[in-house]
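One chain, chain A, appears in both complexes that follow, with chain B as partner in the first and chain C in the second.
Let's turn to the complex of A and B:
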């Protein structure tokens, strides 16, 4: 295990150190201390590293990650794991706005709450939130799964495309073109897999599923005059 | 004093008044402004710092935050208001005076006008949610505390941290990270449209 002190070295040097590791490195386990809420910590990793950050991180932590595991023992600022490609980002505390924004793949786990716009424009990422999510979550979500073990704020899934949303608690309101949908066996199996991956003990049967009514993003000849 | 200055020395720009809160403004690097006003030696119970990225009016000392909202009250703003021109004209008719074309000055004047009419600060901030159009996180400093409110869609970031010894609000956590005990503070985001207050006057 290698230790890095962000207060001493700065975020640029630390990210450079991680990026410079050769593809088949044996130095896979890294610990970052004193993150001091700095931005873009452990961003753009593209190898199978295991990075643990002890403390609270600022904006965009773990962004664009491919293959690596980034574990944050603290809270995360805006845009954590934004544009995640694959791998894992795990926040042990709460996450700020736009968690997992535009994520293409991989898994984002937030043990606490996520703020507004969680999963905005998600494109294939899986997000599991142990607590609640704020307003406008899964706005324009295209693909992937958002699992919320607590409540969801206003306008959940506004203008949603084909992402699947699972919420255990209350939904304050659904956004445009987002509706409750039938929970079939395939969805229960998918949800079980995601909850297990996030080490959650919640029962998949306690969740409701939401998704697109497909009226907004499909061309309808009756609406031709509107264009 | 404020009236006397206005009458006898109209060229003097008054940035604040009262007994507790001092307002310092200047254009330049924050570190230089900090040194110029010898803030290292400042003593007190609470402090607000604001660096402005200008969008709605020129980069001038007059356009800098905070804006006074009455005796021992001041306001800083992250965001921009879209209905400030009309609101400024309305407030002028109510007798409010303006020194700049700045949107935040309009928000400050709005609060001042509300408070002058006996509306409590928390109510004034709540009323602002419906009367001020645009996006904003406002922080109002009072004689013994402060108050925070975000617009209804929480467009602008904000984070609060609290320990047994202190409470801090910032746009992002890295401004708070240097405070003693910040790692173990209770940290949360203020929710949209909810006014948070500390201190008896807030």
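Let's turn to the complex of A and C:
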């Protein structure tokens, strides 16, 4: 295990250190101390590293990562794991808005709550939130799964494409073109897999599924009031 | 009626002209707003309303074909470890694969590279064709983040954070179902054939403070090598430029309302935003007040057509210009030899703007493989290269005539305006006077 002190070295030096590791490195386990809420910590990682951050992180922690595992023992600022390509980002605390925004793949786990726009424009990422999510979550969500073990705020899944949303608690309101859908066996299996990956004990049968009504996919003047 | 009584000539309303009437009928029939490509078509104050003074007793010209007149430009000198060095101050604007065929994107790369300049991706990601053929490629970072991935980000020579564009400041992208082919759908993670309306706001930042952090993240991911451009539509150029600088931009791109789009509502194109001419001086003023003119480079786009336009934009303070619509014309768009096919589409060469329908007979704004095959990327690239070189020669001609050994030495004092409006917008004197509206004189 290698330790990095962000207070001493700064974000750029630490990211450079992690980016510069060769593909076949055996220095895979890293700990970052004193993150001090700094932005862009452990972003752009490209390889099977395991990075543990002890403390709170600012914006865009783990952004655009491939293959890496980033565990944050604290809270996360805006856009955690934005555009994640693959791998894992796990927030042990709460996350601010736009968590997992535009993520293409991989898994984002937030043990606590996530603020507004969680999973906005998600493109294949799986997101599991132990608590609740704020308004406009999964806005224009294209692909992937958003699992919410608590409640969802207003306008969930507004203008959603093909992403799947699973919510255990209450949904304040659904956004344009988002509807409740039948929970079939394939969805229960998928949800079980995601809950297990996030080490959750929740029963998949307690969740409801939401997705696109697909009425806004091609313009129809008779649906204009939905826009 | 008595035929001996003279009748007045039938008079059509200037307010309800033929175009307006046809649009009312179209709207009433279809129930949908008119969608089209390109930029504002209305008559606007533009570079044609400015003239260069040339040399005289007080200015000493350079020999037209012999004396050196530099045209190179370096973009991204503020923070980037690897600035973009171009031979000419004319770049190719962002246009997406999806809105354009792969052949057209390749041709743009070929033409730009041959002329020593850069081309730019668009809302849809980077294709191997354009990366392979573009010596210098700017990667657009858009609200939709279609096709966005860190590998392509690192392959780029510069990154352009797109906040807005001149044709639709405040509007998102639009690509209708006809153009969502298998490949386009795959790149954008969307179902084939749907109408794709991309976001108008970035999903993970709001405002200049956040933008500063976003730019920092992009720099961290790319090892602080790439210049970061910030592109804004011509809406509030003074404040937008100042805020882009504050956010850490290396380059600011200001796109006026004549700048083209692949598709959006006609009402948006014609009624939102400002003419390019009105955008330049406020942007330059912001840079000057911050002490950043020529340190943060300014690229101006929207209706650039020839070397005179290039020279005028530079004289007003830009470091470079960008072309989109004109580049497509150079590739072969709007060519009269396709008139029969344009007629079949209900239009005419020079007016074709249904780029969103994907039926472009020139094979440029289409995803139809048969139509796209019509465009030879090698020949079209050569045409673009020729055009860029002609524009550069024209700008040099004007610069030498004004006694300048580099096109960047052109200055507002070399210009006069033909109209009061242009004088006010460009802040140069009305021809024959020293009057600059709002600044005194006579």
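The working rule: the second predicted complex is superposed on the first by the 218 of 227 C-alpha atoms of A that agree within 3 Å, B and C clash if a C-alpha of one lies under 4 Å from a C-alpha of the other, contacts with A are read in each partner's own complex, and residues count from 1 in each chain.
By our rule, a contact is a pair of C-beta atoms (placed from the backbone, for glycine too) under 8 Å apart; a residue touches a chain by one contact, two chains touch by 3 or more.
All values derive from a computational prediction rather than experimental measurement.
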{"item": "Contacts of A:78 with chain B and chain C, given as first, second, both or neither", "value": "both"}
{"item": "Partner chain(s) touched by A:46 [first = chain B, second = chain C, both, neither]", "value": "second"}
{"item": "Touched partner set for A:210, first chain B, second chain C, both or neither", "value": "neither"}
{"item": "Chain C versus chain B, contacts on chain A by residue", "value": "C"}
{"item": "Chain B versus chain C as contact partner of A:11, first or second or both or neither", "value": "second"}
{"item": "Which of chain B and chain C A:90 touches, first, second, both or neither", "value": "neither"}
{"item": "Which superposed partner A:115 touches (first chain B, second chain C, both, neither)", "value": "first"}
{"item": "Contacts of A:30 with chain B and chain C, given as first, second, both or neither", "value": "neither"}
{"item": "Contacts of A:55 with chain B and chain C, given as first, second, both or neither", "value": "first"}
{"item": "Touched partner set for A:136, first chain B, second chain C, both or neither", "value": "first"}
{"item": "Footprint overlap on chain A, comparing chain B with chain C", "value": "39, 58-59, 78, 97"}
{"item": "Contacting residues of chain B [partner chain A, same complex]", "value": "153-154, 157, 159, 172-178, 182-183, 187-189, 191-192"}
{"item": "List of chain C residues in touch with chain A within their complex", "value": "30-32, 144-145, 148-150, 153, 177, 188-191, 193-195, 197, 199, 203-205, 210, 213-214, 216-217, 220-224"}
{"item": "List of chain A residues in touch with chain B within their complex", "value": "36-39, 55-56, 58-59, 74-75, 77-78, 94, 96-97, 115-116, 134-136"}
{"item": "Residues of chain A that touch chain C when the two form their complex", "value": "11-12, 15-16, 19, 39-40, 43-44, 46, 58-60, 63-64, 66, 78-79, 82-83, 85, 97-98, 101-102, 104, 117, 120-121, 123-124, 139-140, 142-143, 159, 161-162, 217-219, 221, 224"}
